[in-house]
Structure formats: structure tokens, C-alpha cells
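Taking it in order: structure first as C-alpha cells, then the write-up.
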Amino acid sequence: MAQVTLNQVRKIYPNGAEALEPSTFTIPDGELTVLVGPSGCGKSTLLRMVAGLEEITEGELSIGDRIVNDIDPANRNIAMVFQNYALYPHMSVAQNMGYGLKNRGMDKAQIAAKVREASEMLHLDEFLDRRPSQLSGGQRQRVAMGRAIVRDPDLFLFDEPLSNLDAKLRNQMRIEIRALQRRLGTTAMYVTHDQVEAMTMADRIIVLNAGTIEQIGTPNEIYEHPASTFVASFMGAPPMNLLRGDAKGGAVTLKGGQDVPHARADGHDGPIQVGIRPEDTWPDPAGDLAFDVDIIEELGAQRLLHGHVSGQAFSVAVPKDKEAGTGNMQLSVKPGAVHLFDADRGRRL
Amino acid sequence: MKRAAFGHISFPILLLLPQLVIIAIFFYWPAGYALQSSFYLEDPFGFGSTFVGMDNYTRLASSSSYMDAAWFTLIFTSLVTFFALAIALLLAVKADKVIRGARTYRTLLMWVYAIAPPVAGLIGVMLFDQSRGNITQLLGMMGIEYRLGVNYWDTASAMITVSIWKQIPVNFIFFLSGLQAIPQSVREAAMIDNRSGTRRFWDITFPLLAPTGFFLLIINITYSLFDTFGIVDTIVKGQPGNNPMTLVYRVFVDGFRGQDLGGSSAQSVVLMVLVLILTIVQFRFLERRIHYT
Amino acid sequence: MAEISETQVAATAPTRPVKRIRWDTIGDHAVLIAGALLMLVPVYMVFATSSWDAITIHREGMQFGFGEDMGVNYNAALFEYGGFTDSVNGVTMLANSMILGLGFAIGKIIVGMMAAYAIVYFRLRFATLAFWMIFTTLLLPLEVRILPSYEVITAMNLGNTYTGLIVPLIASATATFFFRQYFRSVPEELIEAARIDGAGPVKFFIDILVPLSKTMIAAMFIIMFVFGWNQYLWPTLITTDESLFTLVRGIRQIIQSYADGSETPDYGQAAALAIIAMTPPVLIVVFFQNWFVKGLTESDK
Amino acid sequence: QTEIEFWHAMGGQLGETVDQMAANFNASQGDYVITPVFKGTYEETLTSAIAAFRAGEQPNIVQVFDAGAATVIGAQGATVPVEQLLSDNGVAFDREDYISGVRNFYADADGQMIGMPFNSSTPIMYYNADALEAAGVTAPATWEEFAETTAPALLEAGYIPLAQSHLPWIFTENFFSRHNLQFASNDNGYTGVDTEIMVNHPAIRAHFNALTEWQEAGYFEWYGTGWGDNQDPFEAGEVAMWLGSSGSFGGIADRVDFNFSAAMLPYWEAVTTEPTQTFIGGAALFAMSGFDAAENEATAAFFDYLASTDNQVFWHVATGYVPITTAAYEAAAEQGHYEEFPAAEVGVQQLQLPAGEFTRGYRMGFYVQIRDVMNREYGRILTGETSVEDAFETIEAEANELLARFAQTQG
Amino acid sequence: MAQVTLNQVRKIYPNGAEALEPSTFTIPDGELTVLVGPSGCGKSTLLRMVAGLEEITEGELSIGDRIVNDIDPANRNIAMVFQNYALYPHMSVAQNMGYGLKNRGMDKAQIAAKVREASEMLHLDEFLDRRPSQLSGGQRQRVAMGRAIVRDPDLFLFDEPLSNLDAKLRNQMRIEIRALQRRLGTTAMYVTHDQVEAMTMADRIIVLNAGTIEQIGTPNEIYEHPASTFVASFMGAPPMNLLRGDAKGGAVTLKGGQDVPHARADGHDGPIQVGIRPEDTWPDPAGDLAFDVDIIEELGAQRLLHGHVSGQAFSVAVPKDKEAGTGNMQLSVKPGAVHLFDADRGRRL
């Protein structure tokens, strides 16, 4: 019912900056779609156009069956969490959260109950009477979140709603938001920079890059079959290793000379890019790939080995209980985990 | 005061100094003088004066015409303040909202403010004039007999109308600039939260406009009380007669025109005290509800 | 994925629906047009009236149509030297009014902003006291305290000077009060950032606060300029030198006899002067329009 | 050269005429230079002058209107009496040169002129000659005639018979002078400051009762306190007779397109059969004190110049105000001015009617406010809000209170 | 030279909220100290007190040898990145960044050069002429960062400076900021919610909890020897498993009955809490701990098994290439990786 459809939607800001190239896609009803992409790629712009806060330069936007290009934000029945919170400075936390409900004519007791419920979930119960200016950054962000979730909209729009929370709270929130959204069956668009958030919450991920859509797919598709080197290196931390190589009769050789195990590039003779995720390869004296470790980075649960393969930068992630030292070693590569992309446009082969 | 206020001492004093010096010389001195002379009866040329204690005040309390003027002032001030603010606010909100023609509307609506008060007064009396007034004629066509200068309330309505008309642009300009200062993002959030533009206005815009509104409220009250005397004067053509008049016009009539320095000083003092009470009340009860940042 | 979408696109080329009629927008315009008419019809009538001769105006009142005396009236208003010393005409009165308007507006804004700045942005123990001292000056208009003010001015030997004309008018709290209200709603974070950036009180004021207050300054400037421009009683009282006469005084002199009917005031010329007197303030308004642009404190997204 | 300043309240064309006379004076000799300065209305001018006096910045000459006379004359030491000024400076002066109605208004109890009459006027009755002709009547000399003959005929002919401007001036002050009634104690206030007004007189009450009857009968219409509001319907031809100032003559002549003339202010035969002259209105010039002999000499020279026959004729003809000297009156007549404009002569004649005990003038402090009280109460009478009797009681009470206060300021 | 010393510093807001209990510690000269803690625990308050933007309720704060309680922020020679950016809305990006330098009287050419350098590092070069309102959230945050790093202060204060950036950019920034700080040798205080940021950048970490300092130490100390259950569960994602148990004669038994391997709690008989990090234990048929898996969460590079040990919630992280299913299994625990805390206050034993 509340699916969101963009048909050649484009956004050019008055100063001439094209924030979104003409794009066409559908966000299915009831799904949670995560938007990811580098800073400034157009995520907020897209969300704000869906919300009706930004004029659509070209194209057609529908929510449900309605074309909403000319519909007021208030009549789109959406709830939104703004990247900068946009709290009402003159209202208390409770009033901020209840305002959208009050406007829908809900009675006071019911509003209070809803606000209480949301504020418990967001650990804001002690702050209900404070003004936004008396809250910490994370608390403000949670109020913004609360304002959205108390509502029962057709569509949720979340613009980096958890960016100012600590990992633990964020973890909790993420799970609760996901559960809430599932329970209500409300379509949602969610902007985040957190890969874990993207991977765990999304039914579908849209990867944006400089105003264009690089890939749309389930988290698994995006992670396992990145459509481009951009997606491949953007999703995953540490990012996928990308190596220049050449294909000849299906076999793939790196620029520095080594053959890549488990790689077949039939019909693509010529320069090529090879992608291997740091966690898809591991030190193994019996491995096929020679690796030269320069430094080791400790990340707590794991350890990153940074070095070179055939003279090209390469990283390997190892569990922290595996011993590792610098110097030369051999690597094994997981079969089926080698990604091939064309050399110039970086599209998946 | 801001939380992150500067801690200097001498610099802010330096900043305040010009203002304080000017008001000390041109306000407190004359005001003190008014207070003093309200206890005297004085020959205007300064040749003789008699201390009369509270006489000048008790006389006012027992004067029915003074009380009439006080009542009229109350009604006049309430109506002028209310309508001048309400109409200007309506126009400012609309002018802030429309995209097409915004500039033109703004210019046109500010324009009237440029009219000199004597001219505004003259326009007013000429429009409402008994024999050649365009509005009088219009009303006559509608079967309404309108007699400026003869009928108390006919005169009053002209005073009120012209005073409102004259003040709308001022309020409009300040409301508009106040609206411009409201953060866009908060308005956007409200746009999503609330379908009704009217409610949005009262719930979000209006409270955030409150600092400007409060300023304007006080300014408009003082305008209606004080600055309208020119309009009153023009409309009654310098002769109050049986027409309504405001308290400050009486001060002017008795003091500036009639040279009753003691009597008019007492009236000034009464006015000052009234307005002082009024504003203290406003500051105590209204400003508390204003949210600044 | 992107490829898939593109194929879908080809099927349904977007057709922008015909723009709906926006009744609320039409309503907005209706209100504004009504407001503009309410405000402007009288002004228009002054203009139309300025093209008629005095007798017609005296008999029939304000005019809607145009008469034949436009040229005569404006020529007389602008260039005919009047007064005893023949040293003033419309143009010189215009210049005097301009000095009064500008001097007053600028002086008031500077004094007011400085004081408001001190009150809002400094931890001063007597800030409240100072505020109240300044604030009470809203209560007594110049007209009520005009005689003592006059004595001060003459005692300071400032009669017949621009200083004497301008300074006493500045002795009221409007600007201070207004800027106090505005400063208090300027986001706190800006002074914080500026202080970290090493800005002292002066730099913060000049680099941050003043530019941020542009709209407010514009509003204040328009109001104060016109207020100064239109002063009548005070200049009449303290100046005797005809070369200091202002336009409004010129207008008053012409329409003085309106009330007593002993002769026919030169309405047409007065109306012409009124229109001339209106022009510079209107130009100021148009000029400062650009300062009324949205979005100085805006921070969306 | 000695420079002197002259503050006046003459706007518009009157102001231009004043400027003209001043320029002529400057051109006529080489010793003195006078600068006239327009200072706003009469009230504004007087207040400016007082303020300036207190600050030691007063002008040499200031124009003061009738209602302000008591204030200026009361403040002995603020001005130099003209008579004294003139004689001190060797200017020949004879009171008898001045028209009798003009002579005393700005003089003290002994008849010494304190202020120099300048723009003098008096209330007269203008009438629409065409209207009177149509109704077959002539201008009434008495109110009885008006009520019985003139008004019904004019009403019949489709006119509002009568209107007036300025009830305190025309129907109060000059009511008293026209009928030679005492207006205030102390010789109308000339001989002391502890004056009491005597306005609550049966004759004037009767007059106002008659007015309200006339108003009901359609013989009289009142258009409010504003001067012009009452004059306009006359000029528009709706009102047949209008009581106004002799100084209004010039304006009316410019604006009406019917034949008009003027007659003297009617009187009540029931009150007197020997009607007397009226008070002058308008304003006078006062020489302010505090100047050295040279400047006073210049002031005297200017006054002398103003009073000269040529200048009086010029002023009279140019503005409609009455000439202040008999010589000027005669000169104007000689020029044929009154043949051309008979109405212009009425005021002068009325001022030369026999004088009475109480026709010199009146001197009451805070008189501006007293007029305000009268205006208020008269307005209430004519809008039916109060009775004539109550109104006069109120006026008398409030006026006496003001007078008592004024007396205190002089103490 | 620019070490920061707090001596019983305390903060109570005017509404009575105690945002920082009296705290005493030193931030050594030239070090980068990271502040972490849950939302609302007082991190920003602390930073703002150091900056001089918030009055110190009690105690003494010194920067270098100077007690600065009463010193103007402008005279403390600090640079700060605000959590909410606090950009000057009327200045362009370049002016925003250059303002602090201009105030120090640097000449135009030099300012321009510095701004250019910083903007390149922050990928902001194309935006130098824009107003903040024309930037995306992440771009604004980078401007705020730029404003700080162009300066050459005694002390850097960063309040979640990278929270709105994508992982990749954040990674880059983190490395560059760290390098810059090292190169300049400037003391820095850095608030972040990102564990990777905290672990990789910090010389020292301060863990705050509800206005009190829980622990100060190097990243390793914090991670390997958390001083309390709070620190233990706060640092590390997914967080450390905490199980209730009992100690008796040094041996530790879980509430549900199992013995904990490798755990010695000599002299602490009685109730106890046992902490094991999800990555310090792994499925191993020969393991000592019975684990009942309910659900499996895919995180890309790894996989989380959520379930119960002795009836208490427990999670295990496994590399994604290890097969795993739900149901019962045995776990091995890494020797030395069992943390013991007292039962009520949660302090490390």
C-alpha cells in the first residue's frame, strides 16, 4: 500500500549542483530499505524529496498509488527523523514526541501512554520534562527518533538516526526499531553509515554514489555480489582488497605476476580488477598467494595484517587468537570468494 | 544572558555608556523634571510657582472628563494594538509563505510606512471628512450616516482605523524579519508533523516568533498610548471638543497647548506609572513564557 | 540492479501531472492583495490628488482620477524656493530630511545594538538594572518631555545643529529592546564556536553578530529612518534656521490652514510633497529588501 | 546692522505674505534685518517661545493668539509692552490711531498696549446672496428676525439656514461683547488674577436653548468642533448663512461660485437694543524682553513699519484681516477696496461700533483649556447628551477651577 | 606543556542535574585521549568545561601550568569540533575554516594555503565557496573538523567529529587526524562512539558512566582488563557476555550449574560475575561449555550465534567461513580470557 516509487526522479539544487541523477526504483511496501553511500552522495536529498521538503526537479514520485510531487509533506503521512534532529526548541521532550499525535486528534491519555512507551524504549523517561537545549547530543537524537516512532505513519524516513549513540545503545535501538517496523509493517527508508546497521536491518540496500544508484539488493547480494568496485570497496570494513590483473583465456594473473586462485574470467581477456575480502583469505603455509606483511593493526576481536600482494596493497583479517607476525607468508583464498570487475568502469563481470 | 557569556567588565560598560548617557540626559532628567513639576503650579515663563502637593493628582482623580479619557484610552489601546498586530501578522505570515511575488508584496506592504504622520493624518481626515470624505460618501451610499467630529463613536472609529492602518507596516516589517529568523529545519519538522497550517502556525511558528511578538506587543501598546496623539490631533483638528481623546493627547493639550505645566506633568507621571506597571506585569507574566533559544 | 530499473523506466516515461490548483496559495495571494490594497489605495489617492489644483481638492476631497496640474505641483514642490530667506526648496528639504533620517537610524541602531549586546552577551551584575533603566524610556515619548529636552539642547548649545536634532530622539529604548529580543534567540553555539576561534567581544560582534542580524538591522533601519525622516515637532521646536527645514515641516506649513479654513491650502502641492517625501523611504525599503532573504540561521538536513 | 528674529504661526499663503512684508522692511532701510521663522500652529509657536525664553534663546518678536494672551500678558517681565517699547525708541505712538475694537484687547487695565495687534479678525456673518434672494429675505440683524423670518424662508427655499464655526469664540466670547455683558469678574479679568468667569448667564443660556430648538427645527446645523467642517457646507451652497472670521474672506472668495456677502453678527433684541462692538480674534505680536537697546530699537522699527498705513492696507487687502488703524481703513476705502468687496468691510465696521463697559476684551488664564471645556460641553448639548443648564454649570465650575489654578501659578 | 589536569572538577547544571561528579585526572601532554561512555554520561560537558564554554561548578582545571577556570575560551588556545558543528551560517566554507586564523592575525595568503590544505584532506575543495546550508550533513561535519585542524592550538577538542561520515571516509579521516595530531604533538581530547576509532586512535581511553570515571587506561588495558562490568560490556561489539555464578574455593560455577573453565577466583567465595567475550570462545565438540544456539545473525565478515549457556543469554562470534547451525553445541574458551567481577558493584576482582 505504501510502496514508494521513483520514476526518473532528479534533483538539481538552485546553485546548479545535481544531487540526484534521474533515478527509477521502487521501495516495496512494508520493507525497510537502507540507503548507504559516501558523504554528500545524495541520501538526505532523496529522503527529503520523499518527505516533500525538497522540490523534485524532474520526474515523478509516488507513495502508494498517489503521485505526490505536489502533495504537502503533512499530507503524505510520513514520520521522519532529521539528520540534525530539528527538535522544537520551545517544547519539552514529551511535547516534542507527542506533537504529531496531538495533531491527529489523539486523546491526551493515549498520547501520554504512547510517549511513555517510546521514551522507555529510548531510555528517555527521566528527561520527559526537559527542553532540548538541556539534553546531550545523543539524547536529542533519541527524542527525534521518539517523535517518529510514536506515530503510525505510512512511511518512516530515518536520516542517520543513531549516529550519535554509543555502540551498545545503538545495538539495542537498532533491534527495537527493526522489531517495531516489522510489527507495524510500515515501509521505511533508513540512511546510515554503519555497516552493521545496514547489514542487519535492511530488507534491501540501495547504494548511492555521487547522485547515482550503484546497486539495489538484499544485504547478502550487496555483500556477496557487489555490482561494482565502488560497492565492493564501500561495503565491508575493512574494505575489499582490489588488485589490478589481466585475464587471458579465463585465467587471471595479477599485475605483479601471481596467478589468482579460484578465478575464472572467461570471455574477458585483457585488463581486469580482482577483489578479495580481507576475511576471505587467511595465512596458510600451503596457500597460493604470496603476501608480504608490513604492519599489524589490533582491533580487539580481530587483527588486521596490512601488506602487499604482488606489490599491490592488500589486507588480511585474522581472528585475534591466531598468531601473526610481519614478513612474508602464504595465503589461502576461499573458493568462490574472488570477485572480478572490468578494469575501467569497475562493473562486475 | 547567554550561557557562554563574556566575563569582561569594563567593555560592556563602555558599550552601554552611550545609551545610558543619552537617556540620562534626555530621559531621566526630563522625567525627573516632570515628576518635580507635578507637585507645583507653575507660571510657564518660570516666574512663579507654588507648591501644591498632590493637588494636581487629586484633581485628576476627581475629573470625570479625565476618567472618560482613561476609559477611551483603554478601549482605543486594546483595539489598535490587537488589530494592528493581528492584521500585520496575518500579512507577514502570508508574505513569508508565498514564493511568487513575495518581493512585490513586501515592498507594497512596507510602503505605507513611508508616509509622514501629518500626511497620514490628513489622508485620514480627508477620507472620513463629513462633506467630502470618500469613505463617508461610501458609507452614505450604504445608508450609514457617518459624522466625523460630531458623533463620538464615529470620530473614535476613524481614530482607531487610521491608527491601525498607520501601524500595520511597522508590525509587518518586524514580524517578517522575525519569521525569517525561525530555523528552517524546525518548520520542516512541523510540516511533517502537522497537516493543518493554522495549527502549525500556532504551535510552532508563533511560539518561536514570541520574542519579536513580545517586543511588538510592548511597542504597539506604547504606540497606541503615546504615538497616536498626532493622529488624534489631526482628526479632531486640534479641538477635542466632545470628541474622544486619549490620555496622552490630554497631556499634550493641557501641557504643550495649554501651558498647564503642573497639571500635565501630573498626567505624564500617572501615564508613566500606569505603563510601568503594565510592562512590569507583561515582563513578569508574559516573558516567562517566551522561549529564546 | 540499476540496469533493471532502467528497463522498467523505458516502459513508463514519466508524465508530470498537470499542476493542481492550489487553493491555499490562491488564498494567500488573496489575503496579500487585499492587504496591499488596503494599505495602498490611500497612497494611490494621494498620488492622484497631487495632480489637481487646490480648489478642486478642497471642494471634492481626495481624487481617484488624474488632473492636469501634475507638472505644476511637482515643479513647485521640488524647485520653487520658499521660506523667507529663499534658501529652501524641495530638494534642500529632502537633503535635510535625509540627514535626519540617516543620522537617526544609524545612530539609534549603533547605540541600541551596543547596549543590547552588553546586556545579552556579558555577565554583568547590573545588566538587569541597566536593561530596566533603558527599558523604562519606552514609556515617555519625546512629545511629553519635549520642553525639558529643549532646555538641555539649548544649554548644550546644540540648537540649530544636526546633533541637537538627532541625539535626543535616540534617547529611547526601542532599538535596544528589539536587539535584546533578537540576540537572545541567536543560537548559543555561535558564540561558543567564535570564542574557541579566538574571537573576543569586538570580533564576535563585528564578524558574527552583526552579519547574522542583517534582517533585523534592515527592519530597524527602515523603521527608524522613516521615524527620523518624519519628525516634525522636535525639529520645529529646536530649529529656527530655514536651511535646516525638513520636508515634513514643509508639508505642515502648507497644510497648516486646512483646519481653520481661512484660506485654501495648496493641497496639490502638499500631496506632491508628500509623494516626494515618500520616495526616499520607499527606495530604502526596496534597497533593504535584499536583506530580507531567508535562511541566515537556517540549518536543515 | 542689527538682526532680530520673529516667530510666527502663519502657514501657507499667509506665511508668504509675512515673508514678503519682512523682506520689504529689510529692503526699506539699512540698519535692521528681521528674519521671520515659521514655528507651527499658534500653540506650537507660543510654546516654542516660552521654552526658548526659559532657555534664554527667545526671539525678539513672537506672535501670540487671543486665547494665549493672558499667559503672555500675565507674565510681566517676559515681554516689553509695545507702547513702552515704541516710546522708548522714539517712535511716535498714539492709541487713538487704532481702531477702537483693536486697541484694548492686548492692552492692560490702563489701556497701555502690551501686544501689537497684527492679524486681527472678528466674527461676522457670511451669507449666500443668491440663497437669500431666492428665499426673498435679507440678512437678519437680530436673532429674533432670524428665527421668525429668515430661517423659515431659507428652509423653505431648500437651504440649511445657519451654521457657525467656533462656538466659544462666536457664541460665547463675542456673544458677551456684542451684548455688552460682563464675561468675567475683575473687569473681564483685566484688573486682577483672582478672576471668576461669569459665563453662566441667563442670556447665553437662552441663546443656546434657542440654538437647540433651531437645530431641531432645521434652522441651524452643527458640524462639529472643527472650523472647516462648518464652513464647507456653506461654501458648498448647502448652508445659507455662516458665522466665521472676517479673516476667512479671502478663502471664501477663492472657492465659492455663488454671490456672497457679509453682515454683522446678529444680536438678541431681547437682551439689548444697543448692540456693541465685538472682540478681535487672530493674534498680536509681542516684543520679548531680554534684549539690548539696539535690538529693541530694531523691533520698534519693525512695529512702526507694520503699523504704517501702506503696510496695513497691503496686509488687509492681501489677507482679509482687518486693518488695525483708522488711517489704514480709510486708505483702503479710498482705494475702492470695499466697493469691490463689500464683505471685506463688515469686520472693520463691527469693530468700530460703539464700545461698552465689557467690550475691551477679556483676560483669563488657562483660557485654551477653558475653550476646550466649552467646546466639549457645547458639543454635548448639540448632540443631545446634556442640557443647556447643566452644561453651563459645568463650564462655569471647571473654568473657575482652572482660573483659580492659574491664579496660583502667578503667585 | 599543554597537559590538562582536572582536580576534583564537578559540574552541576542550573536545573540540578549533576553531569560530572568530582573528578581528578590528567591528560598527558601530546597524547590523544579518547572519551567514551553512553549517551548522556557527560562527555560533551567535560569537553565544554575544558574549552571554557561551561562554567566549572567546583574544582580546578589547568591547561599546561595555568589554572584556567576563569580564563576566556579565546585565550585558552584550543581548537574544538562541536557535536552539532556550530558553523557560522553567514560565512562560506573557506571563511568558516579561516576565521580562527584570521583572528590570530595570520595573513591572507597563508590562511588561504592552510584552508586549501585542510580542505583537500577533508575532500571539501569543491565546496569552499558554499554556505553551510548548502552542504550535506557529513560535509558540514567536515567543515567543523577543518575549522579545528587548520589551527595550531595547544589542545584539540573533538566531540564526535566523524559521526556523520561513512565508514570509508571515516577510516581515512581517522588515520589522517591521528597522523596530524602526532606530527604536531598537540594534546587532544576526542569523544567518539566508534569502538574502532577509540581503539585505534587513543593513547589512552577514559570511560565515563553517568558522570563518573569508570576507568582510565590504554586501549589494550581497557579491552583486556576492564575495570568493571560496565567497561567490559561497553567496550567491544558484540559486547562481552556476563554470566552470574558462584565462587567457591577459587573454582567458579555458573548459576545454571556448569563450571567455568580457566577461571580462578581465590578468596572471593560467594556470588560473582563471569565475563567472556564472544570472540574468545568458539564451537568445539571438545569444549567444556554447553551452548544452546537460538538464532544466527550474519554480519558480513562474521556471524553471531545467539543463545544460552546454563540458561543465561550468551553470544559467540564465528568467522563467516565456519559453518554453524542452531541447536546444542559445545564451546571452548580461550585460556586467560575469562574475566571475573564482583556480583553487586561489578568491579573487577
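By letter and in written order, the chains are A, B, C, D and E; residue numbering begins at 1 in each of them.
To be clear about the criterion, a residue touches a chain if its C-beta (ideal position, glycine included) is under 8 Å from a C-beta of that chain, and two chains touch if they have at least 3 such contacts.
Given the structure is predicted, the values throughout are model-derived calculations rather than measurements.
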{"item": "Other chains in touch with both chain B and chain D", "value": "C"}
{"item": "Between B-C and C-D, the pair joined by more C-beta contacts", "value": "B-C"}
{"item": "Interchain centroid distance [CA atoms averaged], chain D/chain E, Å", "value": "93"}
{"item": "Centre-of-Cα separation between chain E and chain B, whole angstrom", "value": "57"}
{"item": "Centre-to-centre distance between chain C and chain A (centres being mean Cα positions), rounded to whole Å", "value": "53"}
{"item": "Chain E residues counted as touching two or more neighbouring chains", "value": "53, 72-73, 84, 133, 136-137"}
{"item": "Set of chain B residues in contact with two or more other chains", "value": "3-4, 6-7, 129, 132, 183-185, 188, 237-238, 256, 293"}
{"item": "Where chain C touches two or more other chains, by residue", "value": "59, 147, 187-188, 192, 195, 200, 252, 255, 258-259, 295-301"}
{"item": "For the chain C and chain E complex, residues of the former touching the latter", "value": "187, 189-190, 192-200, 203, 207-208, 211-212, 214, 295-301"}
{"item": "For the chain A and chain E complex, residues of the former touching the latter", "value": "13, 15, 17, 36-40, 43-45, 83-84, 130, 134-139, 141-142, 159-160, 163-171, 193-196, 199-200, 219-220, 223, 233-239, 277-280, 297-302, 317, 319-321, 334"}
{"item": "Of all residues in chain E, those that touch chain B in their complex", "value": "53-54, 70, 72-73, 133"}
{"item": "Contacting residues of chain C [partner chain B, same complex]", "value": "24-25, 28-29, 31-32, 35-36, 38-40, 42-43, 45-46, 59-62, 111-112, 114-115, 117-124, 127, 130, 133-141, 143-149, 152, 167-168, 170-174, 176-178, 181-182, 184-188, 191-192, 195, 200-202, 215-216, 218-219, 222-223, 226, 229-230, 232, 247-248, 251-252, 255, 258-259, 270, 274, 277-279, 281-282, 285-286, 289, 292-301"}
{"item": "Contact footprint of chain B on chain A as seen in their complex", "value": "51-53, 72-76, 78-80, 82, 84, 86-90, 99-100, 103, 131, 133, 147"}
